[in-house]
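Take a look at the structure set out below.
We just call them A, B, C, D, E, F, G and H in the order they show up, numbering each chain from 1.
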Amino acid sequence: MSEDADLDLNRQSRCGFPEVIYGEGKPADLILRLFERQQANGQDSLVTRLSVEAAELLATHFPHGVHNAVARTFRLRAPSADSALSGQSSLENAVSAGPVYVVTAGSSDRPVAEEAMETLHWMKVDCELIQDVGVAGPHRLIRHIPRLQTAVAIVCVAGMEAALPSVVGGYVPCPVIGVPTSVGYGASFQGVTALLSMVTCCASNVVAVNIDAGFKGGYVAGLIATRAAAGQRSK
Amino acid sequence: MSEDADLDLNRQSRCGFPEVIYGEGKPADLILRLFERQQANGQDSLVTRLSVEAAELLATHFPHGVHNAVARTFRLRAPSADSALSGQSSLENAVSAGPVYVVTAGSSDRPVAEEAMETLHWMKVDCELIQDVGVAGPHRLIRHIPRLQTAVAIVCVAGMEAALPSVVGGYVPCPVIGVPTSVGYGASFQGVTALLSMVTCCASNVVAVNIDAGFKGGYVAGLIATRAAAGQRSK
Amino acid sequence: MSEDADLDLNRQSRCGFPEVIYGEGKPADLILRLFERQQANGQDSLVTRLSVEAAELLATHFPHGVHNAVARTFRLRAPSADSALSGQSSLENAVSAGPVYVVTAGSSDRPVAEEAMETLHWMKVDCELIQDVGVAGPHRLIRHIPRLQTAVAIVCVAGMEAALPSVVGGYVPCPVIGVPTSVGYGASFQGVTALLSMVTCCASNVVAVNIDAGFKGGYVAGLIATRAAAGQRSK
Amino acid sequence: MSEDADLDLNRQSRCGFPEVIYGEGKPADLILRLFERQQANGQDSLVTRLSVEAAELLATHFPHGVHNAVARTFRLRAPSADSALSGQSSLENAVSAGPVYVVTAGSSDRPVAEEAMETLHWMKVDCELIQDVGVAGPHRLIRHIPRLQTAVAIVCVAGMEAALPSVVGGYVPCPVIGVPTSVGYGASFQGVTALLSMVTCCASNVVAVNIDAGFKGGYVAGLIATRAAAGQRSK
Amino acid sequence: MSEDADLDLNRQSRCGFPEVIYGEGKPADLILRLFERQQANGQDSLVTRLSVEAAELLATHFPHGVHNAVARTFRLRAPSADSALSGQSSLENAVSAGPVYVVTAGSSDRPVAEEAMETLHWMKVDCELIQDVGVAGPHRLIRHIPRLQTAVAIVCVAGMEAALPSVVGGYVPCPVIGVPTSVGYGASFQGVTALLSMVTCCASNVVAVNIDAGFKGGYVAGLIATRAAAGQRSK
Amino acid sequence: MSEDADLDLNRQSRCGFPEVIYGEGKPADLILRLFERQQANGQDSLVTRLSVEAAELLATHFPHGVHNAVARTFRLRAPSADSALSGQSSLENAVSAGPVYVVTAGSSDRPVAEEAMETLHWMKVDCELIQDVGVAGPHRLIRHIPRLQTAVAIVCVAGMEAALPSVVGGYVPCPVIGVPTSVGYGASFQGVTALLSMVTCCASNVVAVNIDAGFKGGYVAGLIATRAAAGQRSK
Amino acid sequence: MSEDADLDLNRQSRCGFPEVIYGEGKPADLILRLFERQQANGQDSLVTRLSVEAAELLATHFPHGVHNAVARTFRLRAPSADSALSGQSSLENAVSAGPVYVVTAGSSDRPVAEEAMETLHWMKVDCELIQDVGVAGPHRLIRHIPRLQTAVAIVCVAGMEAALPSVVGGYVPCPVIGVPTSVGYGASFQGVTALLSMVTCCASNVVAVNIDAGFKGGYVAGLIATRAAAGQRSK
Amino acid sequence: MSEDADLDLNRQSRCGFPEVIYGEGKPADLILRLFERQQANGQDSLVTRLSVEAAELLATHFPHGVHNAVARTFRLRAPSADSALSGQSSLENAVSAGPVYVVTAGSSDRPVAEEAMETLHWMKVDCELIQDVGVAGPHRLIRHIPRLQTAVAIVCVAGMEAALPSVVGGYVPCPVIGVPTSVGYGASFQGVTALLSMVTCCASNVVAVNIDAGFKGGYVAGLIATRAAAGQRSK
């Protein structure tokens, strides 16, 4: 249909995973048609920043899909078990080179963290959520350090001054993807301070993505995990 | 002399300590005259951001003064032992309610930290310097936590993302004065990111002063220490 | 419950006061459960940025609690008189080393000032509110100077160009904690100009906290008062 | 000469005063030629932001001119007593409706204040300089208030948080022209904080000009004085 | 009443005009009480940024007051003809040294311009409004130049790139007070670009006030007019 | 040679003109080699932001080239008359659809304007320079309006508040390319205010390029002129 | 009527096209009257940023007008065929020197692109819309390159990092007008990042207009096309 | 020695690689001592941002070390072949899961790219440099796409509008680490525009590090490569 967004069905073969739909501002019926086209082409589907209305429409049409209301996502496997056409994402029996951990500083960071988790589930990557371990209560983080040191990658979600990725980065040997959040007030500037803090982080293994970009944080962590797992699986 | 700065000799009785001279851009002979006027009035002297030339001139005239080249300061006691006219600063036999610790994240933060230390020495406040305990090497800070928990106030000097005051603040019961430094590159923006990080700090006990304002950090910590010590001394 | 925020019951012994709950965005029943857990552990409770709904729920369950609608706070003593387990906050018969004054520039700054006052009440610190003494009407401030000179610490709440802390700082010997407010229009930039003004303040005894951070301003002033009072009380 | 700046000889009849030459980056010989053209047309001359070289060249050619090295200005009367062709600036026997005061917060603000003073002298406006009355030492300003209350306009020169115009504005009935200066460090951002402070000033009678724009501050104050004096003189 | 704003009844004798009430966020009954106190003290009243509700309350109590719904102002003379106690504002039979012109670039700037006009009416200053003469249609401004050249002061109200004050300033000999407005979109940044444009204006006679500060623009123009008129009147 | 920049010889056939070399930071001998390669391929050459050393080297090797020291450019025709391989730039006998005017606000804008002029000469586009017509002296611009109304495109070079393109744009029917310059001081922020002013310009026909981007301003004006001339020439 | 905006009926003869009405905040009946005046003077009409109410009023009065609800525009031909009085816009039988292409990066950019298209239709310029060719799916753009290389000008509409104009600019010989859009989140800062990206674009043929300024992008492209077509038509 | 930086010898076992020394501002003899301590502990050494003096001192003491003057780095293997104590970096016979490509947009980006390359060499990661493939000359990038699609990770170094990572990201299945550079002028703001562009990049696989942080870009790419290679090697 002429007004539809131009769906990139070629993305999976070029980039390893199908196109993910950014739901903000897209009408519910357009999202539904995009899902139908991906399904017809044997591709898994994921939509982020979903409205309540669109979520209900998708749930009606795809009762086997997974709706996460906190994350504002909906994901759906392709019809058959051989859904993943490219080698990289066909991880039905996923072999892990260590899990991805998604770590949050405070309880307000949870929606962004859930978006990262849903993205990792959609990529079939082994992942776990560790919440509310901001540095103001240091014992909360320290008890998780041994687990974090086994990670293949960590997604670190934090707002305000975002000290958490600096601390986590100093304890672990894997890449840490910082996701700044827009929670906070005053000079947190809707996440700008957290973004600058992550970008200037003294720990060598920390990188940053856009503010509230839970999907992107999860996606890059998932790419790293996929590469490491591919090595192990081919043993 | 008509072009001299207007020295505030009244500052000591009004604010507890004599005026401190900001040396940036002031000619050496003007600083010398200001010191002479303070000495003539029985006041202790301190100048910050001192040029090399001015430091040499002061050292020649006041061989008993203390020049700190890293801090770029020069301080001098008033001629007699009864120098401190107001009760608050007459701490010849200083009684401490716990020391002030000046803590730095990296070795580049040292000049700012030394300025804070010199200010505290001038105020006759018990103080110690703990250097290079940035969170990228977490064990470095942790071994100092028990000492920091005895402090009456902490001055925390850090640049880049300035995660250190957030971590220190979570471990201690006293006020933490954050001093952002202009060290770093790129998105550290000459200390702006560190300043925003300290201002948005999640720890409840952290406040901030201007970038590179070692004097101010030391001064406020000294005021807190003086109040606590005054209580103890009067026992 | 797994989705609850991770309450830091250890905070009181580590930092001198129990954790204060930031109410923004937290559901009413979660805040209620957090209060119940603190009460069960013999800790005083304080919540800030409270919604009207949450305030009503708390008032129903804790009729002895204090709700301040202007400050958007609710505070509650622990069940027994021996609530304060650590020595520092057990100030039932508070001894004062001078009060904390909370000073505002204009009538719009009052909610932030009330949040600081409630925090100080919760900390059992002697405090008073002086309102509407902005420098555009200089006689208003001048008549309060003698009282302000007896303070152990001052919380100075101001928006727009925030000239008040500079003026107050020049008259008093104690630390002044500047709290910028988001009142104003145009180039006040929701409090950013006030924050920058406080950070660059020429008076040596002025520090700054985040925009609208009445809690933090009160908390740090309370820590300073507690240290000074502890000295006096132990006489 | 074709590469010369396009001198606006028409300015005096249109705007009341001849064009003032902005010396920054202009070669010394070009400035000399511009002066010669103004003199040939019976106009007074003023150049600001003058290099040392250009000052020496002008002083050689116009020994009766006034060079102010601190202000970096050079001014020169037109050859004959009937220099001022328009009525407004022919104030040889200047009648004053109260002087213009140029007031500075600190000694580093002096070059900008001197530029304002030189501009006022060139405009033949009665003016006086009051230096170093920043609010950190409040008694310094207060002793000048009675004089300031007689001013026809005040130029207030201040850097850092620039609290001075707010305080002055609250005491006087005349317009106050704030000139922010680039002195200071850290979050003073080369005068931006001072500019924002002046723009958001709560006092109703304060306006602002560009950072370090001593000429502009003096010029507008001079225009106000000229209007008031014209009224009085025509009595 | 204890919660009332602290009305500055002393303002008129100190600054020449009574305090003007900033209505934003103030309850209607508080504004009413402030008016009653001013009236009881023989002072004229003006309130800006008035809500519809407060306007209705004032109109009911003071049927002789003037409500301007576009400007969001309400003004009221003091009960008797001798309202203006200080010499400066007792301009019942106003003598003009030329009018103040309030000039706007576009039709969206009108509310701010009306606020300036109301302020000038309240100050009893001769004034006129010239609308919609932005430089994109240059003939619109040029036909008004001869009138503008007779002004004692000009208030120039403009948003977006605010080129108007630069052009007006080049044609007239009087001070021009630029009032940036928050109209526009995109990189106009709610008036910040207009403010920066006015502050950096090449015309020597242009100053700036805060964004949307129609009151302040009118007030300073009124102060200038009052000084010039006082001179003429005393002839 | 492997460390050479990757010269885009294909640019002329794809984009109509050969690649222009950005000289900043490039060693003189590299620029020489790039010129030699273009000449060997029958392409005209232009380098901008040239160092003095590189200019001397080029002048030695290409005595027929044109060095403009103010613009910091060097340009050179291809060896034979059939230099321009694509139809668009083969304007040996240039037919004009009206000239391009390059207009500056002040004499400090001249280097940027010269860079635009040199670019237009290199493109064989009919062009003229009109200098120093900033709006503070309005008569200077008005006398050029009739000529400007015949232009096919105008490059408008201005710093500070950059009111000139707004005024020019209102008088002419052609596109106006605004080039902000970094001249000025204080709140001109090295050209940022001028850039914002041009971007928010109320005149519909004004676009903007980067600060000091004289080359880009000239190039786009040249593209417009080339299209119009191509139409006329083919008559 | 006195409160009407000052319609610039002279614009067509001066600038080639009638004034376009910016509908934001203008009452529906005012827009109607402005249309009636343009029609009475034989001028085409276009209004942008139209409210739903104003659109309905216009549609009732001018059933032959064209309302584009996505673009929020309404346009109307003048009553007779000889509507365009100046030569430039009388393109009833438009001759094209290549079309203008309006290109968007994503589906959210469409409203801005439609505003550009409507402007081009109103100018009677041959134009086409190519949607959703952002660089994340590079094959989408590449298939349109041959068509884009025939354009007389391209309007490139993009948000977020706005990489599209850089890529398009590198492939084509015509001017590219970048229109940044406010779509996106986080560090896209409502279009500021896209604007900065376009302004700093390495491709020599890219210029920028204000954020979301679809009208301006279309208008300047239309001016370029008109000049080129005028050349061809006169053959 | 007491003034030495606090070397983190524990870093290798905790994070997989030894501490890398940031040479900016560190005296040459301090860097020498830090190298000696690492060598004595069997650790590989790398220093970045090295001064010419320090480079010469290191080269004298460690003739087998590798100095890269463009990158301003010096690296040195540990004395024996069993240098890498932890499993992760003992890649003497490196097995690759695809190389890391370091890609630059322009020739000015080379120093930053070389720093990334040196870091990857020090980590013993298979890597290649592809220079000067900015999107203004699109054919330059396209010929490298097949190679880039085999990468395990890509470091993309670009300044100005930094469109390159967006384009590269759309073609490849691996993570892309964007390193903004401070090259450019005007609105590139020393790399801030490039940083914002990378952070808001529409391609899902792009992350960002600090401006000019070639070391960090290379380090994170190396961590990803190490994880993938570890999987393959253990086959």
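Please note the rule applied: contacts are C-beta pairs under 8 Å (C-beta built on N, C-alpha and C of every residue); 3 or more make two chains touch, one makes a residue touch a chain.
What you see is a predicted model, and the numbers here were worked out from it, not measured in a lab.
Annotation of chain D and chain H: jointly contacted by B, F, touch as defined at the top. Averaged Cα coordinates give chain A a centre that lies 54 Å from the centre of chain E. Averaged C-alpha coordinates give centres for chain E and chain G that are 38 Å from one another. Centre-to-centre spacing of chain E and chain H amounts to 60 Å, using the average Cα coordinate of each chain. Chain E and chain F, compared by their mean Cα positions, are separated by 45 Å. Multi-chain contact residues of chain A (touching two or more other chains) are listed as 106, 136-137, 170-171, 186-188, 195, 199-200, 204, 210. Working note: touching chain pairs come out as A-B, A-C, A-G, A-H, B-C, B-D, B-H, C-D, C-E, D-E, D-F, E-F, E-G, F-G, F-H, G-H.
Taken together, the chain F residues at the contact with chain D in this complex read 106-108, 131-133, 136-137, 139-140, 183, 185-188. By the touch rule above, chain A contacts chain H in their complex via residues 14-17, 20, 88, 97, 149, 152, 170-175, 177, 195, 199-200, 204-205, 207-210, 215-216, 219-220, 223-224, 227-235. Looking at the complex, you find that chain B touches chain A at residues 105-106, 134-138, 160-163, 166-167, 169-171, 184, 186-189, 193, 196-204. Residue ranges on chain F touching chain H, taken from their complex, read 5-6, 8, 10-11, 19, 24-26, 180, 182, 191-192, 195, 210-213.
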